[in-house]
């Protein structure tokens, strides 16, 4: 197994060496990267994500369709001719809609992942490094929010804010940083009693220096893996919101909403309204999960997915 | 604690009595602290919930009486249901009711709140337990197979299969199961709720589909944990020793590997319990299963502060106990975590 | 939500199905149509003749109490166990219920209602004049929270027992020729004298066709036949089991698997079920009004309002939004089942030349505000956008809010303030709709329309009993509504109910609240 982080023989210079201040994981990071790129999960996952991004953001430049005004005279057309994947119940071209919807879904996934990772990491790191009363208070705040079922919190907030892409990103971020914060705090507490940190502290490094030079780089594995999974989780959560009727309002779309609307035509054989969004949604989530898996294996992070 | 003893602890957790008692004292300290902190957190949760529900647009009186009622009638209805006046006063009224155990009435359902909440809690726990019973053996088998065949074709195949399964939104799986087993084969009713009042066999019957849906959602996570845990244990020192001693594989699994899976399992139960109440809400809504998650969704949508806050208190207690469980697991599992004075 | 109280609101949630599910569904649909089905054992307590009717409802959202109930599902729950004095058939005809006949006095200021001689409550006690008086005193009392109160305010002066002791006399403030229709509404179910106005559900006594046996919050209600119902021999089913659904998809699946005996049709259900089940008309339900705020530009200009009205393709709206279950409207809120239909108006149809004539070469831009969902408003908004944009004279944007945000209770609530909105209105008398939608200063007058001439004509209409005079007044009222177009009424939606294979007979009075949820003549075989 490469690049051990939590294993007993923690990497990093042994205590007392003059260069103890040097961040531990730099060379192991390079090893981990090599291991990552070698794994089939990473190759497959990355390839799919690149294709998806090109499909959603680049192909609309070549494949132009009307995705703003409804054309009910063109509704529910089967695939063929000028509509390779047919049209939906309001006359939108399904292929073009997949692209537009994919933009929302991917933007949301990435935005939520970045927001929750940045905030959750900072919060968890501060709690973990501060310790004592500060830590206790900060973590009880997290507990408070975790104690309210997320769906209840979401329903209340989504009814309060008018749903659009940005408010949904905000809401999902508010709900997802809690897990990241707990994770990073646990990691920081575990790391800060490690020898190389103790050594750095003995040698008079400042707290901030210890955090940025040692703790965060060492916890990076956990953070990156959790960020990757949170992309998939956010896209899945958005589809759940659509199921509850709280998704993006028309004419905007996301894959979950498309899938949800496709249900209306469950029994009358309009398969092109169900298959394409279902397949692309599932493939996307699998792709991000594969990347997350590969990262976890190469960084050997023991991560609990909540 | 020296590096050496750390290593020993990691290789054979719980085997050295001295270490174990040290952890036990830490666990006890943690328990003591949380015993004081949990009520405080719950108090804050109740204030937050009571205040948040005010944000939901809509007037319960108008919802109840409809468009033809006059504004004065709507106001009178709100007054008679205790929904007007300063929020502080209403909160204190709720608090005294809650503490005294006389929990007031849900205006949405027009029945006392306490039996409603506990009745639905029992249903959710039944659902959760059912799902867990379905889940654990399957996850243990799949995860162990993967661990023994780590990196092989079987491992990859199972990984991909589980990943695909967990990539399908649970409401999709739910509808799929309904279409096949309720409509197609007519084995179970579509609607769990209206039938869940019968005897135990009937309860099992109506809970099966929601439980399977819930189990599918957790299967990939659990199997992954089993795989990691088992793989770790297989490469550990004591396992190698056991193999060298010539123990049969079954014995090894029973005596060593399984024992070392105890702590992760404890954590898992914590995580599972913590996410069950929130996670089951979608499944409960889809199947109209009378669980606490779906009840709270209705209370939030319909702006019923008494029912919502009462219910959130109960889910809060469970979620906080679950967090405590995972934290205890963390202490027991990772030898390096030191819960120093003032931390927890 | 508040506005469409008489049509079954469909749950907003939507379930989704994967590829595999569709494949399975198609295969299974094929199997199930050929193979024989055994209904689930879950509800097989039906042994008596006629069987237990399995009813699917959405979970009631309002209170469950005869005096205050306001949503369709709660009305159904209460209505099965309660009875009105009079009910209204889907064709708009009045039918006797607890009242056997009704007559207007010569001075037009009082109505005498004769009670059925054998009308009894579910506890066996006879329905007397004092029960009727008690009920209406509850509705009209100072502390009444009953939504029915506003229907009678300014109309009914007092209620007293008739001289023969078997009748009730309503004395009115002003003549009101449609008065008996007001007795068919929800919240005018007759209660036994002395019934407390709270917690009816814990002691549900009524004079309806069924006795409420058990109510399980959020799950369902069971009823058995009421042997004391005045026309009990005509009720063939031995009971009703109502189950509450939160999700349209699971309700549809329950119907297809035979667990419930009926489902209310909507476009997606119609598409799914096609013609393989028996359909029964339940009655006219609602119209979706395109409401112009006449105080806001560009709709303060009547020509713009008329131009929009002439730009719409109404048959296409009836077909697309209501999947054909609708009658085309002409911007007058008189439901097609009402006795007096306005005459002499030109039926508006899509006419681009007229639009150009009204607007010249201007292009009018505006945003339609409505809400998302499957009840038709969203599709309607999208279709209007498409039809208006196609004329070249309009540029339309949509602002589709969540239902809660649209009907927010703040003073700036979108549905009463935005320049143009889409709101659904339940089937009511034309004069009732006038006083809610068009009357100056009315709370729900979202168009902020104010026309004293129209107000005067409506008061005259309410008072008149002479048929010819009513027709003349109705024509004049309609002419103003048609010319000024504060509200576009493009189509009146009808509700259909699909009946399962086990159901025999047909519902004599539809399944709207004013039809009394009448199960006479229905039998089920399972």
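Note that the chains take the letters A, B and C in the order they are written out, and that residue 1 is the start of every chain.
Here is the rule we use: contacts are C-beta pairs under 8 Å (C-beta built on N, C-alpha and C of every residue); 3 or more make two chains touch, one makes a residue touch a chain.
Every value quoted in this text rests on a predicted model; they were computed, and no experiment measured them.
Engineer: Return the chain pair with more inter-chain C-beta contacts, choosing between A-C and A-B.
Structural biologist: A-B
Engineer: Of the chains shown, whose Cα centre falls closest to the middle of all protein Cα atoms?
Structural biologist: Closest chain centre to the overall C-alpha centroid: B.
Engineer: How many angstrom lie between the centres of subunit B and subunit C, each centre taken as the mean Cα position?
Structural biologist: Chain centres of subunit B and subunit C, defined by C-alpha means, are spaced 42 Å apart.
Engineer: Quick one: report the Å distance separating subunit A from subunit C, using the average Cα coordinate of each chain.
Structural biologist: Chain centroid spacing, subunit A to subunit C, equals 46 Å.
Engineer: Distance between subunit A and subunit B based on Cα centroids, please, to the nearest Å.
Structural biologist: 22
Engineer: Spell out, as numbers or ranges, the residues of subunit B touching 2 or more other chains.
Structural biologist: Where subunit B meets two or more other chains at a single residue, that happens at 56-57, 168-169, 171-172, 175, 285.
Engineer: What are the residues of subunit C that contact at least two other chains?
Structural biologist: 13, 15-18, 21, 25, 249, 404-405
Engineer: Would you give the residues of subunit A that are in contact with at least 2 other chains, written as numbers and ranges?
Structural biologist: Residues 159, 239, 243-244, 256, 259, 263, 278, 282.
Engineer: Across the complex, what residues on subunit A touch subunit C?
Structural biologist: 69-72, 90, 158-159, 162-163, 239, 242-246, 249-251, 256, 259-269, 271, 274-275, 278-279, 282
Engineer: Name, in rising order, each residue of subunit C that touches subunit B in their complex.
Structural biologist: Touch list, subunit C to subunit B: 1-3, 5, 13, 15-18, 20-21, 24-25, 28, 31-32, 37-40, 42-43, 59, 61-64, 68, 70-71, 143-151, 199, 201, 216-220, 241, 243-247, 249-250, 253-254, 256-259, 404-405, 407-410, 436, 443-444.
Engineer: Where on subunit B does subunit C make contact in their complex?
Structural biologist: 56-59, 62-71, 73, 76-77, 80, 106-107, 109-111, 116, 168-169, 171-172, 174-176, 178-180, 182-184, 186, 188-191, 193-198, 202, 206, 285-288, 290, 294-295, 298, 302
Engineer: Which residues of subunit C touch subunit A once you look at their complex with the stated criterion?
Structural biologist: 12-19, 21-22, 25-26, 29, 249, 267-268, 271-274, 316, 320, 372-374, 378-379, 382-383, 385-386, 389, 398, 400-402, 404-405
Engineer: Report the residues of subunit A in contact with subunit B in the complex, numbered from low to high.
Structural biologist: Per the touch definition, subunit A meets subunit B at residues 6-9, 40, 131-133, 135-136, 139-140, 143-144, 146-153, 155-157, 159-160, 186, 189-190, 193-195, 232, 236, 239-240, 243-244, 256, 259, 263, 278, 281-282, 285-286, 289-290, 293, 302, 304-306.
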